[in-house]
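As written, the chains take the letters A, B and C, and residue 1 is the first residue of each chain.
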Amino acid sequence: MEILGDFHFFMYSFKTLADSLDLELHGADVRLLGISTPFKAAPNELSVIFGKDVLLRLKEIRSKALLVDADLVSTDILKRLEDMEISYCLSHSPREHLALLIEQLIDRPKQQPGIHPTSVIGEESTIADSSSIGPYCIIGKNCHVSDSVNIYSHVVIGNRVEIGNNTVIHPNVTIADNSVIGNHVILQAGCVIGSDGFGYYTKEDGHHRIPHMGCVVLEDDVEIGSNSTIDRATIGETRIRKGTKIDNLVQIAHNVLIGENCLIAAQVGIAGSTEVGNRVTIAGQAGLVGHIHIGDDVTIGAQSGVIGTIRPNQIVSGYPARNHRQALKNLAYVDRLADFEKRLDELWRVMVDSGGVQG
Amino acid sequence: MEILGDFHFFMYSFKTLADSLDLELHGADVRLLGISTPFKAAPNELSVIFGKDVLLRLKEIRSKALLVDADLVSTDILKRLEDMEISYCLSHSPREHLALLIEQLIDRPKQQPGIHPTSVIGEESTIADSSSIGPYCIIGKNCHVSDSVNIYSHVVIGNRVEIGNNTVIHPNVTIADNSVIGNHVILQAGCVIGSDGFGYYTKEDGHHRIPHMGCVVLEDDVEIGSNSTIDRATIGETRIRKGTKIDNLVQIAHNVLIGENCLIAAQVGIAGSTEVGNRVTIAGQAGLVGHIHIGDDVTIGAQSGVIGTIRPNQIVSGYPARNHRQALKNLAYVDRLADFEKRLDELWRVMVDSGGVQG
Amino acid sequence: MEILGDFHFFMYSFKTLADSLDLELHGADVRLLGISTPFKAAPNELSVIFGKDVLLRLKEIRSKALLVDADLVSTDILKRLEDMEISYCLSHSPREHLALLIEQLIDRPKQQPGIHPTSVIGEESTIADSSSIGPYCIIGKNCHVSDSVNIYSHVVIGNRVEIGNNTVIHPNVTIADNSVIGNHVILQAGCVIGSDGFGYYTKEDGHHRIPHMGCVVLEDDVEIGSNSTIDRATIGETRIRKGTKIDNLVQIAHNVLIGENCLIAAQVGIAGSTEVGNRVTIAGQAGLVGHIHIGDDVTIGAQSGVIGTIRPNQIVSGYPARNHRQALKNLAYVDRLADFEKRLDELWRVMVDSGGVQG
């Protein structure tokens, strides 16, 4: 089998696209047949440049149509683009312009409104006419699905679940009883919302489950990545506030509260009852213990182990997570320990020789 | 959409609940409309207090009905509860009492016994009449499902699988051929039991799969969290002994043996053929290499990297995992390296000045 | 319930098996009733010995039929095997011979060719007659499934997906639009191929999704573990080259490129746009930041944090990942810090006493 992954064909003029984004086109119009990454783009494929490193390798670029981060360019770069007869637009928000561009080009039609005949809808549940339920979904009793919701196939939803408008639920998602899902939420494939938290009491004969009667609340504009797991609260709620985006394979334990507009990267784990502020960024594979508070606007480095409360506006990393600069200094000190030991040995030798210490 | 996650309404007298738990009620009876977390509970909502920190913020509590960990209270606290006209019960096992309380209040009815007509049951498989199979389940050939089992929708079970009585299997779980699932087991949504282990032999032309003919055995009272993965053995078994509880997104590789009554937190990974003793606790994101032994009653700290055998009764942490106190000391030493270097520099300077060493 | 996991019964002569593997049998023929792990095998069960530690415990072995790694044996060992009347074959590639052995013994029949009537196949999609689609699968529009493909139940495949011949897809897998899956690929249960990557642009009102128009390409002989997630590219592709094997719960972000014949263990995370060379081994729970290059034949230790480009043929570990020997040395130095401090204190004391420094 010939493996050709990249096949997004379209036919646009660069000028038309630039106009649609309200950007000025420098150079000749280009008839575009596609969009691609900088070093793969053919002459008639548009490419977007965010990174300085790409501009350092400008001569490897064959595309004749670039959208370039305006903050990266110098008069020298502009001169070279003109010499290479590359047409370009400058953008002060290239990621936003890329997003708007893709939205014009992408062909991912929504499912038709309506409920697939193979889906099983429980008693007293209401589904708005404008919403779509794919094949083989299960929706429990007393649920409400609002307007323009798109639920793909094989989604399992428990009882008494609320789903806000314009929410998209990808295949194989499980949503347990009493969950509340806001508007414009996106749940990627395979994530689990509202599974029972990891709570036990221990007696001589072993561990016994504490039943979990709480729920999960995902506010508006929240996104949950593939195969991530968000546990229901023991009592009360596990809540993720509006605008927070969570990547794949993330674990959010029972009774966690996450603030607004956070970014939580893949494989992060947050233990029970921890509260995370607003606009917090947590890089990949970091872990937070339970029952701590993370202040607003904190950034937590990749693989950090956070074992205590972090005040607002800090950048932390390492284990245990502390001020990022301090963490970097510690790492640098450890790298110098060979030299420390050498000097210490030398001093010790001198002092032994002089009779100052007993060798 | 109004987002209101917390809606567990009931109507009980505090006295009746206290009686049912065999606890003494101090203060007036309270007519309860719900149960909630300490700082969110309304006056007519019961709250349970486990943590000393909560008692320090007593005046923020509005609930008039508390279940309090008896080990936390002093005569001073009791006096203040009375002054605030809060009724309370004291408990020496508050988690157990919370569990018993929730069991009375929770409304999570089991599915009706019987096999949903959309489920596909293979030849020679037997399902006890008292058990329930939800919609769109697949059960292979020569399986046996014992009494009072509750299998939710979209569960896929291979051939020759045994499932003990009173076991609960949540949606979207996959159980592969030859798995043996005990009594009173709980499998949370999306977990995978018995996938092929990561075993290859390598030749010049690349890696070749070693087929896995072994199986997974989950003994009685085992629980597996959402989206966790338990691989089948190459030959023989991957076995998790009775009473062990495993959290979400945990990886258990082929031929691992885990003892009784262990607690394994989220995102832990255990590599192939490692044996874990009884009553071992492994905190979140820890990793264990393959082919090692962990003794009984060991505790392994969060994010630890265990690369060798650990004797019984140890508390270990860090990378490589060692005695937890030693690991903490090492971390503290690293924090003092700036001071070490300063002193070393000063000594060095003095010794160079004195001609003792060559600068 | 009696829990008996190990029940692979067959009836073979050891001589016949040895002949089939082209190995010489030393000792008498044995009538075999099964295959098991070294310390569990009964006298009439075959066992395979890879590890020196097993040979040190030879007297605990009851099996009378062993397949032994030829590199491990000495004349002394051979003598003892004869004394114990154990028949054996010596193998220079015991893992390969085990694999070939299991292939003869294992009874995992493929599904019958054909499409289960409950599966939903989209318009313009073609499924080869020799392929099998299990119950409750969804295949979108304009897909092509080649020859001898085995798709188990509850698999959800989007639009315009290509699947090469002899590929096996286990239950509950999700494959999103435009994915390209090669020949002889194995997708374990619950993995997600082609979910939207974690890409946003941020404005004052919060984070906004960058739509992902790229795809995922899995080349021939790739394997993806249970519940692993492979995100589609923003533009272009996320590509995993031929022969690479990925374990469970691994996260591969958008636009990552992984070379040929890599081994990536469980719970590894690779951030966006990173490029991994050929024959790279990444041990469990390691994390790689985005936009870096890993050279060919690199080995990355368990739990490592790789934050920069790694040249070919390196073995790296730790955080930040560096030369593995250096990382081990650093760990050893940290273990000696108590001694460092003691000596430093002593030198300091002497120098204060002598008036050399101010205490």
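Following the convention adopted for this analysis, a contact is a pair of C-beta atoms (placed from the backbone, for glycine too) under 8 Å apart; a residue touches a chain by one contact, two chains touch by 3 or more.
Please read all numbers here as calculations on a predicted model, not as lab measurements.
Colleague: Between copies chain A and chain B, are the contact residues mostly the same numbers or mostly different, with half as the line?
Modeller: different
Colleague: If you fit chain B onto chain C using only Cα atoms, how far does it have to rotate, to the nearest 5°?
Modeller: For the C-alpha superposition of chain B onto chain C, the angle is 120 degrees.
Colleague: Distance between chain A and chain B based on Cα centroids, please, to the nearest Å.
Modeller: Computed value for the inter-centroid distance: 25 Å.
Colleague: Give the residues of chain C touching no fewer than two other chains, as numbers and ranges.
Modeller: 118, 136, 154, 172, 190, 227, 249, 267, 285, 303, 334, 337, 340, 344, 347
Colleague: Flag every residue of chain A that touches chain B in the complex, lowest number first.
Modeller: Against chain B, chain A makes touches at 118, 120, 136, 138, 146, 154, 156, 162, 164-165, 172, 174, 176-178, 180, 182-183, 190, 192, 195-196, 198-201, 203, 206-217, 219-220, 227, 229, 231, 233-237, 239, 249, 251, 253, 255, 267, 269, 271, 285, 287, 289, 291, 303, 305, 307, 319-320, 329-330, 333-334, 336-337, 340, 343-344, 346-347, 350, 354.
Colleague: Which of the residues in chain C end up touching chain B in this complex?
Modeller: Residues 1, 3-8, 35-37, 40, 48, 51, 93, 95-96, 98-99, 102-103, 105-106, 108, 118, 134-136, 152-154, 170-172, 186, 188-190, 221, 223, 225-227, 242-243, 245, 247-249, 260-261, 263, 265-267, 284-285, 302-303, 318, 331, 334-335, 337-338, 340-341, 344, 347-348, 351, 356-357.
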